[in-house]
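In order of appearance the chains are A, B and C, and numbering begins at 1 in each one.
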Amino acid sequence: MTYNADKLPKKNLLSLQIDVSKFEKASDAEKAQHETMRESTTFFRDGMRKLRKNPLAMISLFVLVALVLIIVVVPMFYPYSYEQMITVNGKRDKTAKNLAPFTYSKNEQKAIDEGQKIFPHIFGTDELCRDYFIRVLYGARVSLAVGLFASLIVLVIGLLYGSISGYFGGKVDMVMMRIVDIIYSLPDTLMVVLLSVVMNQVLGNAMKGSIVSKIGPNMISLFVVFGVLYWVGMARLVRGQILSIKNNEYVLAAQAMGAKPGRIIRKHILPNCMSVIIISVALQIPSAIFTESFLSFIGLGVQAPMPSLGSLANAARGGMQSYPYKMIFPALIICLIVLSFNLLGDGLRDAFDPKLRR
Amino acid sequence: MLKYTIKRVLLAVITVFIISAITFFAMNAIPGGPFAKEKAPDPAVQAALEARFNLDKPVPQQFVIYLKNLLHGDFGVSLKTGRDISQIIAEKFSVSAKLGGMAALWAVVLGLILGSIAALCRNRWPDRLIIFLTTLFVSVPSFILATILLLVFALTLKWVGVFDANNPNYVLPVISLMLYPMSYITRLTKSSMLDVLGQDYIRTARAKGVRDSLVIFKHALRNALIPVITYVGPMVAYILTGSMVVETVFTIGGLGTEFVRSINNQDYPLIMATTIFLAVLMVIATLLSDLVYKLVDPRITFD
Amino acid sequence: MNEPLLQVKNLCTSFKVDSGEVRAVNGISFNLDKGKVLGIVGESGSGKSVTAYSIMRILVEPGRITGGQILFNGEDIVKYSKKQMREFRGKRVSIIFQDPMTSLNPVYTIGNQLREAILLHTDRNREQANARALEMLQLVGVNEPEKRLKQYPYELSGGMRQRVMIAMALACEPDILIADEPTTALDVTIQAQILELMQSLQKKLGMAIIMITHDLGVIADMCDEIIVMYAGRICERGTADEIFYNPRHEYTKGLLRSIPRLETGHARLIPIAGSPVDLTNMPKGCAFASRCDNCMKICLGELPEELDINDFHKASCWMNVRQVYEEAAAEKEAESK
């Protein structure tokens, strides 16, 4: 193999004007300046950057924050109550039944004509002459609270159980995971229904008159059921994460280099499993809200007069053709909440799941 | 394989036993017992119950007797109607099975197609549209979806007939039942398809000169299917519980409606029997999907 | 002079990502003659594999050939249609990959995957294809070939799978075999076996080979020519002897210092300091400058041109220009004296 020596023959070089100074050795500082280094980012910062670039996730986050602000703040100065009939001049207004949005009852109209100011019924009223807007707000409150609290229960139990199992390994892990396997194979929705039926009876009698009864035995049983059944998914996830991270080469490498366990947990295990756990919690909330609305549908939801979005929508099914808005408002808000959590969860996964990075 | 099968079957049997136990003892925990006198309207029913459950005997013994009867397919009698429950289940389940079977079939077929399209058109409009719609569908509770479909397409637009026992029109019920699992399968297929398309063996196939369509249908889809199979178990579970909602909304006289009614009526023997029956179905579905999963994927070592 | 089998002219390949354009291959040119073995050496990210994928045109989104020509027997395959390309792949040029564990489809048998390649590019029927598959397995030294045909990839060891990959690549008698780090994922003893196999097959079948590796030592005695790549550019090329004993680019020198060699057994291995450049943001001048011990001011500002060292050797390093200049100056001085 030979090359044709046609390019830049040696002699020609000499005819070029060569600046000798250019051939001086470059200093380290010059060398360092030369290369525009890649901007170093941390895992978290990089994830946040990706999340901020995801419009759907950001809109969802905004919607959720706005919604939480509304349901916390608005009821504080809203003139109607979620459990009481509308009153006009201190009297119960029985004409304010099933009003359409932004309309007034006969009595109210009279009062307005007399020069009184009456706050409009933004979503109308229900069949018991209660302002529907505030009921939907309370419903959203209850639904969100159920979702958050149930997910919190799942997170705490699952995290503890999973990390104990993953950390100790061996026989402890085996026994703990067999238990999880069995609970995991139970059909959860059916068990929720069954336990709700039973707890409703058991707690219903035991709680009569106490403060807890306001939340209703159904809600308590929902939480108990979540605590008993739904944590297994989280426990499996946490255990799997810890096990796989524990055996990763980079953790072994860190150990070999003499990193202390504290550093390994902080630097390697936590960042790698936190993201997955957060994502799973974000996606657990809508599933809890779904379960609550399902229970409301089969008549095992929150205790009247306390509304939840599911029970409101379910109650409205009867008069669906005459008063469609009563169905539409709570339904819309459930969808908005669940959709936002789903999109936010997806966005978080895209931004933070280490497995998806490249 | 045999060892794995035995292990899974054993787990399934244990699960069914535990479900029966939970159901039985939970029902027994209800104050006054599930078969308390004031709940049965008819002394004849009450007598049948007492005979069936041997209420005079201690609870653990009652449980053993109950289990024995279950094994014979004897679920007892309904508290409200006094009818034999195994008869009720047999009759109502045929309707539910038809509805659920159609929904499951459509969910799988459409989910696989849509998921593949989304993966292949990644980040283009078909992908975005499909993902948007499926995200929307998994965000609507089934009873709201069913009610809205009923209101819009059957009552307002009158495009499809309302379900009627004499003139059963399954279109809307099947759609309402199928949208959630279909969306789930779509998303599952998309992500597993994308995962597979990034694998080295896909590159090998392309480097061999295999045409793109064959790369997808021969080399990618079969691998992408593997994770979808694991969803079949949960899907059956979803469809069985979902049918409670859909059947009630569309007033279809299936097992789902019967279950919801039994809860509202506090018809405990019926609740118990239906729970166990549905749970067994779900456990079997999960068992089968696990076994098929091992069959389809030759990589799995059978330990 | 005969026309080379494969001519790569000023090939540029880049990947569009969020943070910009990753220019993985930056205008490289080389020729490959019939029946010759070309080695491409460089560290991870130097653009070796991307060069190979560009020749096969199996880049995945968002990778794209952005410039240059790839001439196979004088025809530019960059302009080939999808159909032409399918006929080209596997038949004219085949490739084997780094990781045999993942490069075979797990759900199909070895026989099925071998047969697929044969049926695609030849007129053989199923039976003949099977016979050919069997023949190929024997050729690459797979024991019990009949049994293997019915087995799934997971039932074979890594070395065995790589043999199957080679059999698959050679089944249609391609003119060129590209081997993309074929031994990196294998045990050392298996590595030697696979290399030996490739060498003997090359002699037997007479195809040209492009051997891609990050390990200079591995390919030293089988290559007719070696190309050293850094940051998507060729920094040095020549015969194996020239590259090994007369390296003329600072990067090649660094590479050689970092591999163990028997003859200089007493010397310490010296790693190359620093890390590869950011390909989305290529610096002016020589890409290796910031890691180079002998970096000069000109290296930071201007790209060195390729300079002939001798008939068998070219390098793109300002040190060579400087040397020529110094020699000439010394000559002049001697003359003037």
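Basically, a residue touches a chain if its C-beta (ideal position, glycine included) is under 8 Å from a C-beta of that chain, and two chains touch if they have at least 3 such contacts.
As the structure is a computational prediction, the values presented were derived from the model and not from experiment.
S.K.: Name whichever of A-B and A-C has more C-beta pairs touching across its two chains.
M.R.: When A-B is set beside A-C, the one with more contacts is A-B.
S.K.: Nearest chain to the global Cα centroid?
M.R.: A
S.K.: Averaging each chain's C-alpha atoms to get its centre, pick out the one most distant from subunit C.
M.R.: Looking at centroid distances, B is the chain farthest away.
S.K.: If you average the CA atoms of subunit B and of subunit C, how far apart do the two points sit, in angstrom?
M.R.: Centre-to-centre distance between subunit B and subunit C: 54 Å.
S.K.: For subunit A and subunit C, let me know how many angstrom lie between their CA-based centres, rounded off.
M.R.: 49
S.K.: Averaged over CA atoms, how far is the centre of subunit A from the centre of subunit B? Could you give it in whole Å?
M.R.: Centre-to-centre distance between subunit A and subunit B: 25 Å.
S.K.: Considering the complex alone, what residue numbers of subunit B touch subunit C?
M.R.: Residue list for subunit B touching subunit C: 122, 198-201, 203-212, 219, 222-223, 226, 296-299.
S.K.: Which of the residues in subunit C end up touching subunit A in this complex?
M.R.: Those residues of subunit C that touch subunit A are 18, 33, 36, 224-225, 239, 277-278, 280-281, 283-285, 289-290, 292, 294-301, 305-308, 311-314, 318, 321-322, 324-325, 328.
S.K.: How about subunit A: which of its residues touch subunit B in the complex?
M.R.: It comes out as residues 181-182, 185-191, 193-195, 197-198, 201-202, 205, 286, 290, 293-294, 297-300, 310, 313-314, 317, 320-321, 324, 327, 331, 334-335, 338-339, 342-343, 346.
S.K.: In the complex of these two chains, what residues of subunit A are touching subunit C?
M.R.: Counting only subunit A, the residues touching subunit C are 1-3, 5, 7-10, 13-14, 18-19, 21-26, 30-32, 34-38, 53.
S.K.: Within the complex, which stretch of subunit C touches subunit B?
M.R.: 56, 58, 60-61, 82, 85-91, 94-95, 97, 99, 102-108, 116-117, 120-121, 152, 154, 165, 168
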